[in-house]
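Next come the structures, one after another.
Both complexes shown next keep subunit A, but they swap its partner, so subunit B is in the first and subunit C is in the second.
Up next is the complex of A and B:
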């Protein structure tokens, strides 16, 4: 069957293609970038958005779930907000446009629009595979973002907040970020909406850690209740590089956040922690792949989900261990607290191991509030609703506390969580 | 203060009857020891007093200051002044000990229509009480009961008791897992709380704890009933002769 004739475009597909067509001549890029954009949008047009028949999208049928895409509004305006952690350096991107004022001295920052215009962005614009719908949409439509470099040996004390603020319409942003050998930093990639109007956001971060770099990267997604958020982070961990990747989903109507990494240097270590706070009628998908390419690399993944109302959540986690990646140590777990009969969570942990001397494990659990813990709190005079809220909070706060070296960060994340729970519980 | 009348109770899940016609009266100012062999219903009694929902009362009543508490849930009973020191204090990762103490104290105050404590006042009270019980500040910075040794957990229970100032304290096997030094600290903590308007029910398997917390009355529990009551000499008798004689005499 000829796919090109089989597809009748949905409203959302049409809107995305129209958004591209409307901006032709206006989207930044040199010849190579523009031709790549053309290819990506053509693929979108011919194969459409992924459906449940595409394995990577089985639990998030984007074609069905994405009902509408708001038109881009070049006049949209969004205010920057206070940083998550007081004292952070803020680099803001508002409605897709980067603002490169107030750049801290230790960083080299360039507008990603420049890289599109001079063509240096072309290589990074390619998709990760045929099922990379986020890479495709973003590559076709991206207008802005930030290219950030932290030089070798530089240690940045205060967190760097990449603040991506959206009011309505569309924004497609990109963040290539490189950390030189031995660099040390905390980056907060924060996506938020300033109002309840509909937004459609795609964002791709492309992060490289050179030898011995030590990075905490937080992705905090706080989009509005009507918003679609398609996020992706690609990361490459060099020799002895250490990445603590922490994802919190606390907003949005339709959300897919992908995390795709490779451990390419011996001694590389990934700690992934994810918290999905889900409520209302939202659909949130966290999809993770990590490829242990070389021997002696380690990773540990813990995902905690709290699901209220009629919300649906998905976690797909896949760890690949290459044939010569002996002595890999990887542990993945996904624990879900379902707090309503209509709440739903699908977990799909996968291991693909080609080496024979490795330590790998995974587990997924769905749990209820622990009755012994609940009774203990009640027996101290704490009313049941409050006691339950404390236990739900504790279930996720436990993994935030692992960031204990940075008290301000822990406190800020805990307040995001408790504010969300207060609103939804 | 506490009157248990012909109490019958069973495990809600499978209907196993544990308490079978228990009668007990404890007056204000009194320290009552409940002793009994394993499986006699001692811990169940403590759970039923504090309102654990895993148990159902099928007959009889529990009066606290003259009023039935059967319709009150665990948090209401606690706010009215009933405190259970757990045999196995529960670890709650993710809940900070200080936060827990503050919420518990203030929720009880709210229930009773009292003003919440200010943070400095709260801190002052915790510091004072912790020092009495030789509880290090580091311990209070940890998540609730997480990583506490057996002795630390029991001391933390007594700390909670001191801070919450209950009227009826139920100590469930508080001596289990304690070495002699820890036992003395815990007993001192309990003795410090003895007062004419407060009653203490000490549930224990062994007489050892009663050397340090000297009871006014001793009650022997067997198969869900009090089969013998007496003064502190009864505890010594049990220590010397075991339960068999008394059980036989009651049969």
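Up next is the complex of A and C:
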């Protein structure tokens, strides 16, 4: 093993290691889980948080950006909030504590703490690779979450909202979710804070889709203006499985949302749509990797970013096509509206291709508002600020409308976007 | 879509075992002992009768280099290089420096004849249909001859080897050397700063349009040598110059290192066009031998409305690590990068460009085509950035690659960084998107789809090749007459 030179730990690194030390004996887990936690925290201690020298963190130097980590507060209390879409069934984790009352019949749900205690969580607790800082922090410190299963053939009409509410302090949650063959559901993974106090949240969702499952998964991140959010979703798409992944970032001070997936069954299809609404002094990073492992899989990714004020935005997208994965069709695009001279946006759309009979492409643009469109509206007597707002709204709302099958959902998401834009524009 | 037979055949024609320039010449050489130390640097400097400041500059770079680590971020794999197992200086004994053509060892002249490089002025003059090119021929560590010097002098253009320039125009060299690629820029550039042996120097004075194409031809001949050349081109206000670079090496089992630095400086309204046909020995079918081509090339559009354009056709080298870049400093300056990179056999290419927009109203254009065959790896790595003050920066990037066979890899790693709201960047890596209109136009007129695609793509490759000066375009077309019909990122 590489002997790491001892590094001087930053305040945030120290706080994370201290948080672990303080909880030894109290963190849930059997022998295997506990020893895995030890290894993860030891790695964090020796190699520190990633810097820009680590390619996967090139634009998000976590070591510099993460200044402080608030201490966990076991007495913290957060209220359950109304679901985004009226009529959804809500499963909540508030300040790290799972609430599994009112579970809809079609779901099998249990507290992830139990899986840690009986050791069944051990296998999924490992990191994705040496650069997986989120997996490391979360794996070391996770206390709770929900383990959800949707049985084969089950179709759930109303959306299921996984509500992760934080008032302050820190919380580390995990959500292993499996969809049986042919299962159909809409899940809203919603992260929010109840106040402006500082909080630090890490959350990992581990989603598997069996043959023919058809899932809409929405990640709506609305943390407070002082919050750090480290999110990760891992997904595995079986034969003919269809995942429509929708990510909206509309909050937080330091945000890194990672999406790592594999298409492991022929006919698997991923649709990724991302909206990053960035304002204030925030730093938001959306990092995506998809590995097409087998032939005949498809994916399409569209990311739209709107950047105001002094915000910084990052999109890293990587599509890998394995040697066997002939006939892959993958298209990725990232469009950014940069609306302030103090804002910046960096994009790194990568392709790594080893099969010759594929169609892969990516496009990336960074633009200002289209002046001809603006002129069109001004010529019709619409004041400039209103015209601009309309164009910005249209730029992002366009992709929400793709979810047309569920009108309530579209309406709810549109109102989140409009409310955010009204506040920032 | 898979590659059509025509493309496959054409790529096979330029496969690694078809290398035509692999011959070796026995010429008595004057070599420095193997290894790298301050003494070797002093030896190189004294062999070249360099001024004292140059030696100090080299030594400074050397001490810096010793603290640096070899970069590992590129997508290339090779065994560790033993930098002490190389000769850092090798020169034909008969020529201590560039002389008149009559004094050059006839054996050397035969080498260039075999390579098809015109060194005799009268011959070139006699050929009516050929346009004239001034050539600086670099053989291992030294420049053996520079043609048309007198005629260029009349126009005020300085074209000579860099060692000669250091003696004859020390002020110019001192003023510009290392201002684009600083001494400590990166591992290989720093090594080059310490040990560079020769290269070309061009200065085009104010308002002068260089009357002919300038060209440098690099040849590595000696065993176990590294070639470290340094090229410095300055186009003063309103000047124009077009410069070509070519390179070959003998076929050998061991790998050889080539670590060059090229610096271009364009002042107000000046334009530099730099073209390369890189055809170093790529190694054999089993991946044995070949040149490691670790090159730092950078142009600085220092003046207002200046323009630098890079065109490259990369077919050789076992490993290529090369990112010709433009720093768009002057307001209204323009950078261009046109590239066709073909990898075959066990070749590995990690190449691309950087367009750094600093001034207002700057624009850049990147067109890159990568073709991977055999078990090669072909990576495009490029950066486009607009700084806070780069108002109205514009970039258009297109990079496409084609895979032939399922054992090779093609990768695209673009970095796009915008810090100004008026910046407009467009990056794309799909052929279908750009050609849909054209395709529709062709289909409308009854041209079958496949023929239409071939037509459009061929037209496009021609567009890149057209960026090359005529003399090189012919060579490049011979190297790649490839249709890029089904492209992936």
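The definition used in the following text is that the second predicted complex is superposed on the first by the 419 of 425 C-alpha atoms of A that agree within 3 Å, B and C clash if a C-alpha of one lies under 4 Å from a C-alpha of the other, contacts with A are read in each partner's own complex, and residues count from 1 in each chain.
Note that in this section a residue touches a chain if its C-beta (ideal position, glycine included) is under 8 Å from a C-beta of that chain, and two chains touch if they have at least 3 such contacts.
Values in this document were obtained by computation on a predicted structure and should not be read as measured data.
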Which holds for A:383: it touches subunit B only (first), subunit C only (second), both, or neither?
-> first
Does the superposition put A:67 against subunit B (first), subunit C (second), both, or neither?
-> neither
Counting only touches as set out at the top, which of subunit B and subunit C does A:394 meet: first, second, both, neither?
-> first
Name the chain, either subunit B or subunit C, that contacts more residues of subunit A.
-> C
Touching A:372, do we find subunit B (first), subunit C (second), both, or neither?
-> first
Counting only touches as set out at the top, which of subunit B and subunit C does A:331 meet: first, second, both, neither?
-> second
Have a look at where A:361 lands relative to subunit B and subunit C in the superposition and call it first, second, both or neither.
-> second
Would you check which partner chain A:423 touches, where first means subunit B only, second means subunit C only, and both and neither mean what they say?
-> neither
Can you pull the subunit A residues that subunit B and subunit C both touch?
-> none
Contact footprint of subunit B on subunit A as seen in their complex | 371-373, 375-384, 386-387, 390-391, 393-398, 401
Which part of subunit C faces subunit A closely enough to touch in the complex?
-> 1-3, 73, 386, 388, 401, 403-433, 486, 488-489
Quick one: in the complex, what on subunit B touches subunit A?
-> 50-54, 73-75, 78-79, 83-84, 86, 89-90, 92-95, 100, 103-104, 107-108, 111, 143, 160, 164
Would you pull the subunit A residues touching subunit C in the complex into a rising list?
-> 55, 58, 319, 323, 326, 331, 336, 338-368
